[in-house]
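Just below sit the structures, each encoded as C-alpha cells.
Each of the next two complexes has chain A plus one more chain, namely chain B in the first and chain C in the second.
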Partner chain A sequence: MLLADDAVTQLIHGIISWQFLQFVVTFLVIFVFVLTGAVILVLAERKIMAWMQDRLGPIYTGPWGLLQTVADMIKLLLKEDIRVADSDKLLFLLSPSVFIAPVIAAFAVLPFSPYISLPGTGLATGIVYYVAMSSIDVVAVVMAGYSSNNKYSLIGGLRAAAQMISYELPLVLALVGVVMLTSVLAGAPGYPGHDSIGTISLRQIIDFQGVWHKTGNPVLDFIFEGNTPWEWFILIQPLMLVIYYICGLAETNRAPFDLPEAESELVAGYVTEYSGVRWAMFYLGEYGNMTIVSAIATILFLGGWSGPGVAYLTGLNVPVWGLVGNLLALVYFIVKVYLLCAVFIWVRATLPRLRSDQLMRFAWLILIPITLGNILLTGALFLLISGLGLPTWVFLTVTGVINWAALFGFIWVVGRATVATTRRAQAPAIRARLRASTTPALPLRDGIPARVPELP
Partner chain B sequence: MSTPSIGYLYAAILLAAGFVFVIIATSLANLLAPHDRTKEKLQTYESGETPIGSARVQYPLGFYIFALLFVAFDVDIVFIIAWAIIFKQLSLFGFFEIFFFIVVLVLGLVYAWRKGVTRWI
Partner chain C sequence: MATTLPIFIMVALAILFGVLVMVITTIIGPKKPTPEKLAPYECGMQEIAAPKRRFPVKYLLTGMLFIVFDIEIVSFYPLAILMRQLKVFGLIELLVFLLILMVGYIYVWRKGAFTWE
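Showing the complex of A and B:
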C-alpha cells in the first residue's frame, strides 16, 4: 500500500515538472525519428543502391524522386488488409505490434543530445536494457511465422529466430570490452564516475569519450570541449565495432544475413502473408532496428552526439545557446547515425548472401570465441600493465595496437573460412566433374553417341 | 524525482505508445482501404500453387539446441557484464574467476561443436 502511494505521488510530481517536459520532447523526437527514419532510409537505400548499380532509381515522384516513399506510404495505407484463411487470428494481428513496440521502447535508452534523453541520467542499465528490448523481436518473428499458416512463413520465422538468438551473443559480448574500458578509466582525472566503477549507461559512456581539460583558449575550448575524437573507443576496440556491426546486420535480418527473407527460396519469409499497413509495420520495425544498431554503435564507439561546440555552448548556462548546442548535438548525432546506416546499404549492395551452412558456424565458431578472447585479453593486458606499474595510457595504446592488428587477422580468418566452407560445399560437384573427365569420350556415330554410357 | 525507477515508467510509456501506434495505423487503414474478400485472395500464398495441407505440420526443429546454448550463454553474459563494470576493482581475483567461468563455457561450446550441433544442415 505504501509502495503504491509512493508510486502515485511520484507520478503526480512527475507530471507537473520540467522533467516531464523533457520527457515529452524526447518522446516526440523518438517518434519523429522512427517514422521519418524509415521514410528517409527506404529512399536512401533505393537511391544509393541505384547509384552503386549504375541505375537511376526512383525519379518521377517529386523532385529527383524524393517523394517516392511518401507515395509508397499512402499506397500502403490504401491497400486491403488481408488476413489469410486458417491463420491464427490473435497471433497474426498481434505480431506487428510485438515487433514494433520494443523497437520504439529501445529508443528510450538513446541520448539524442545533452537535453533530449530520458530525464535524470537516462536509463542506468543502458546496454542491458537495449539488448533485452531488441531480443523481444524474436518472439514477434516466430509469432508471425507460425500464425500465417504458410510453410514458407514457418521456415522463415524459425530461421530468423535461430539466427537472431545466435548473433545476439557476440553482439553483447562485443560491447563488454567498452564497459571494461570505462571501468579502467573511471575516476581518472577529468573522467566521470567513482574510482574504478565502470558504467553501462549510454549517457555516461559518451562522457567517457569526451574528456577535455579546459585550456582557457576560447577557440580550442569551443572545438574540443566534449569532442575529442582521439578518445573515441573505436581507436581502442575497432575489431569489436566491426563484430558488433556484423551482428547488427544479422539481428536486423539484412543482407548478407537475409536468409529468413531469402526471396528466391522462401518468398518473403515470415512476412509473406502480411499486406498493406501490417506489412509496413514490419518494415518500419526493421528500419527502426537498423537505426538503433547504428545509434548504439555511434554512442559506444564514435562519441555519440559529440562535435564542435556542443559541450561549450550547453556549458554556458544561457538558454538560447543551450538550445543551439542541443540542436547542434542532434545534428551531429543524426549525421553519424545515417552515415552508419549508409554502410548497411553499402554492405547490401556489395556482398552476396551467406549460405545457410556458413551462417551458424560464423556466429558460434568465429564470432563468439573472438569476442570472449577479447574480453580475456583486455583483462589480462590491464592486469599485466598495471602490475608493472605503467600508466593507463600505455594499456590503452597496447590494447589499441593489438586490436587493430586483430582486425586484419579477423578479415584474413573470415576469408579463409569462406574459402574452406565453399570448398567443402562444392566437393561433391568437383569430384563428380573429375570422375566425368577421366572417363574417355564416347565414340560418335552419325554425330550421336554410339551407345548409352554406363553410370559411374 | 531522481529515483531511477521513473526512467522505466517513461520506457513503459514508450512501449505502450508503440502498441497504440499500430492500433491507430491499422484502424486508419481500415477506414481507407477497400474490403473485398474473395476465396482466392484469402488463400495461402505459395507462389501460385494451390497449397496442399496445413502448414502446421511436424517440422524437424533442429534449431532448438541453439536455443538451449543461447540460454546458457545469455546468463553467462549477464555475469560477465556485472564483472566488467567493476573489473578494475576486483583485479586479479575477479579476473581468474571470470577466466575459469569462460573456460568452462567454452568447453561446453567445443563439446557442442564436436557433436555437430553447429552444423545446421
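Showing the complex of A and C:
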C-alpha cells in the first residue's frame, strides 16, 4: 500500500515536472515540424521549380495556389488502398511504416532551440543515433521493391539500396571531421568541453561554434554572444559540408541521384505499386529526410540555432526574455534549414541525372578517399601545430585555408571527370554518325572529334 | 535509464504513428478491387514474364563491401573524440588503421568491384 502510494506520487511528480513539460513542447514542435515541413516543402518545390523554368506552378487552389498540397493530401487520404496481386502482403503493407518511423524518430536528437530539445543525456549520442536511424530506410526501400511483384519496383529498390549504402560511407566519414575538430578545440581557451574530450552530441557541437567573451558592451554582447559566424565549421571544413550535402542528396534519392525513381525508365521505382496513404508515407519520409539532412548540416556546419540575441536573451534568466530568445532561436534554425532545403530544389532544377556507373564510381573512388584524406590531414595538422607550440587559431586558419583550396580542387576534378566520362560514353555514337555523314571529317583529338558536327 | 527515456518514448511514438496511419488507411477510402486494378503495373501491357527473377550479383557485392567498410568506419568515432588526448599515438594508430583499410580497398578496386557495366 505504501509502495503503491510512493509510485503514484512519483508518477505525479514526474508528470508535473519541468522536464515533462519540456518533453511535451519538444514533441509537439517535432511533430508539427515533420508534418507541416513536408506540406510546405512540396509546395515550395513546385513553386520554385516553376519559377526557375518560367512557368506559373500551382495557382488555382487557394490564394496563389497555396492550398495545393493540402488539397493533394486530402485527395490521397480518400484514395483506395490497392494491394497488388501476388505481392508479399506482409512486407508490402509494412514497408511505408518502416520508412516513415525512423525519419520521425531521427528528429528526436535535433536541438531546435536552447529549451526545445529532448531532455536527458540520451542526446549525447547525437550523430551516431542520426546515422543509425537514417540507415534503417534502406531496409524499407528493399522491402517495398522486393514485395511489389513488379519489375520496375524490384530494379528501383535494388538500385536505391545500392546507392544509399554506397553514399552512407562518405556521409559518415565527412562527419568524423567535425568530431575531430571538437576534440582538438575541447578545453582550449574560450571553448567548452573538459578533459580534452571531443563530442558527438549535436547540442555541444553548436556550443563549439559560438565563442564570444563577454565584453560588457550590451550591443556587441547582444549580437555576438553565442553567435560568432567566423567560428562556424563551414569556414574550417567547407569541403566536408559539400560532400555531406552530396551524400545527403544521394541518401534521399533526390535529383541528380534519383536513379531509383527515374521516371523515364522505371515508372516510379520502388513506389510504383503504392497508392493513397501508403504512397504519401513514402513522400512524407522523403521530404522528412530532406529536412533532417538540412538540419544536421545546419547544426554541424552553420551554427545551429545561433543568431543575434539568442544566447543573450536566454542568459538573462528572465522568463519572458527567455521565451523570446527561444522563439528567436527556433526562427533562426528553421530559416537556415529551409535555406538548405531550397538548395536541394535548386540542384534538382539545375543538374541532369547521373548514370549508374558514374554514381558508383563517384562514391567509392572520389568521395571515400577524399574524406579519409581529410581525417588524416586534420590529425596531422593538429599534431604539427600543437607540436610547434602555436595557438589554436593558427590550426583553425591553416585547416580552413587548405580545405577551401581542396574544395576548389574538388570542383575542378569532378568537372574534368564528368566531361571525360561523358566524352568516352558518347565517342562510339559520334564516330558512327561521322562515318555515316558526308560532311568532311572534323579534326580529331584522341580519336574523338573536337567539336560535334551540327545537324543539317 | 531515466535519462534515455525521452528518446525511447520518441521512437515508440514514431512507430505508433507509422502503424496508426496504416490502420487508418485500411478503414477509410473505397474498396472495389478488380483483377485489372490489382495486376502489377506494366504500362498497360499484359505481363510477359514474372518479375521475381535473378538480378545482377553487383548489388550483393556492394552490400557486402558496405558491411565491411561501415564497421571499420564506425571505429573512427572513438579515435576522433579522443584525438587531443592520444596525440602522436593517435596519428600512428590512424595511419596503421588506414593502411590496413587501404590494402583491402585497393584489392577490391583492382578486382573491378567499383566498375559498373
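Rule of thumb we're sticking to: the second predicted complex is superposed on the first by the 411 of 456 C-alpha atoms of A that agree within 3 Å, B and C clash if a C-alpha of one lies under 4 Å from a C-alpha of the other, contacts with A are read in each partner's own complex, and residues count from 1 in each chain.
In the analysis below, a residue touches a chain if its C-beta (ideal position, glycine included) is under 8 Å from a C-beta of that chain, and two chains touch if they have at least 3 such contacts.
Computed from a predicted structure; not experimentally measured.
> Since both structures carry chain A, what do chain B and chain C do when superposed there: clash or fit?
Once chain A is superposed (C-alpha atoms), there is a clash between chain B and chain C.
> Please indicate which partner A:269 is in contact with in the superposed arrangement: first for chain B, second for chain C, both, or neither.
So A:269 meets neither chain B nor chain C here.
> Regarding the shared-chain residue A:248, is it in contact with chain B (first), chain C (second), both, or neither?
A:248 sits against neither chain B nor chain C.
> Looking at the overlay, does A:226 come into contact with chain B only (first), chain C only (second), both, or neither?
Neither partner.
> May I ask you to decide whether A:58 touches chain B, chain C, both, or neither, giving the answer as first, second, both or neither?
The answer is neither, since A:58 touches no partner chain.
> Which partner does A:162 reach: the first (chain B), the second (chain C), both, or neither?
In the superposed model, A:162 contacts both chain B and chain C.
> Look at A:198 in the shared chain and tell me whether it touches chain B only, chain C only, both, or neither; answer first, second, both or neither.
both
> Scan A:379 for contacts with chain B and chain C and give back first, second, both or neither.
Touch status of A:379: both partners.
> Using the superposition on A, tell me which residues of chain A are in contact with chain B and, in the other complex, with chain C.
23, 27, 30, 77-86, 96-97, 100-105, 107-109, 118-123, 127-129, 148-155, 158, 161-162, 165-166, 168-169, 172-173, 176, 179-180, 182-184, 186, 196-200, 267, 272-273, 276-278, 281, 356-357, 359-361, 364-365, 368, 372, 375-376, 379-380, 382-383
> With touch defined as at the start, can you tell me which chain C residues reach chain A in the complex?
Its residues touching chain A are 2-11, 13-15, 17-19, 21-22, 24-26, 28-33, 35, 37-43, 51-52, 55, 58-59, 62-63, 66, 69-70, 73-74, 76-77, 80-85, 87-88, 90-91, 94-95, 98, 101, 105, 109, 114-117.
> If you look only at chain A, which of its residues touch chain B in the complex?
Residues 10-11, 13-14, 17, 19, 23, 26-27, 30-31, 76-86, 96-97, 100-105, 107-109, 118-124, 127-129, 146, 148-155, 158-159, 161-162, 165-166, 168-169, 172-173, 176, 179-180, 182-184, 186, 196-200, 267, 272-273, 276-278, 280-281, 356-357, 359-361, 364-365, 368-369, 372, 375-376, 379-380, 382-383 of chain A touch chain B in their complex.
> Would you tell me which residues of chain A are touching chain C in their complex?
23, 27, 30, 77-86, 93-94, 96-98, 100-105, 107-109, 118-123, 127-129, 148-155, 158, 161-162, 165-166, 168-169, 172-173, 176, 179-180, 182-184, 186-187, 195-200, 267, 272-273, 276-278, 281, 356-357, 359-361, 364-365, 368, 372, 375-376, 379-380, 382-383, 386
> Taking the complex as given, what residues does chain B use to touch chain A?
So the residues of chain B in touch with chain A come to 1-19, 21-23, 25-26, 28-30, 32-37, 41-47, 51, 54-56, 59, 61, 63, 66-67, 69-70, 73-74, 77-78, 80-81, 84-89, 91-92, 95, 98-99, 102, 105-106, 109, 112-113, 118-121.
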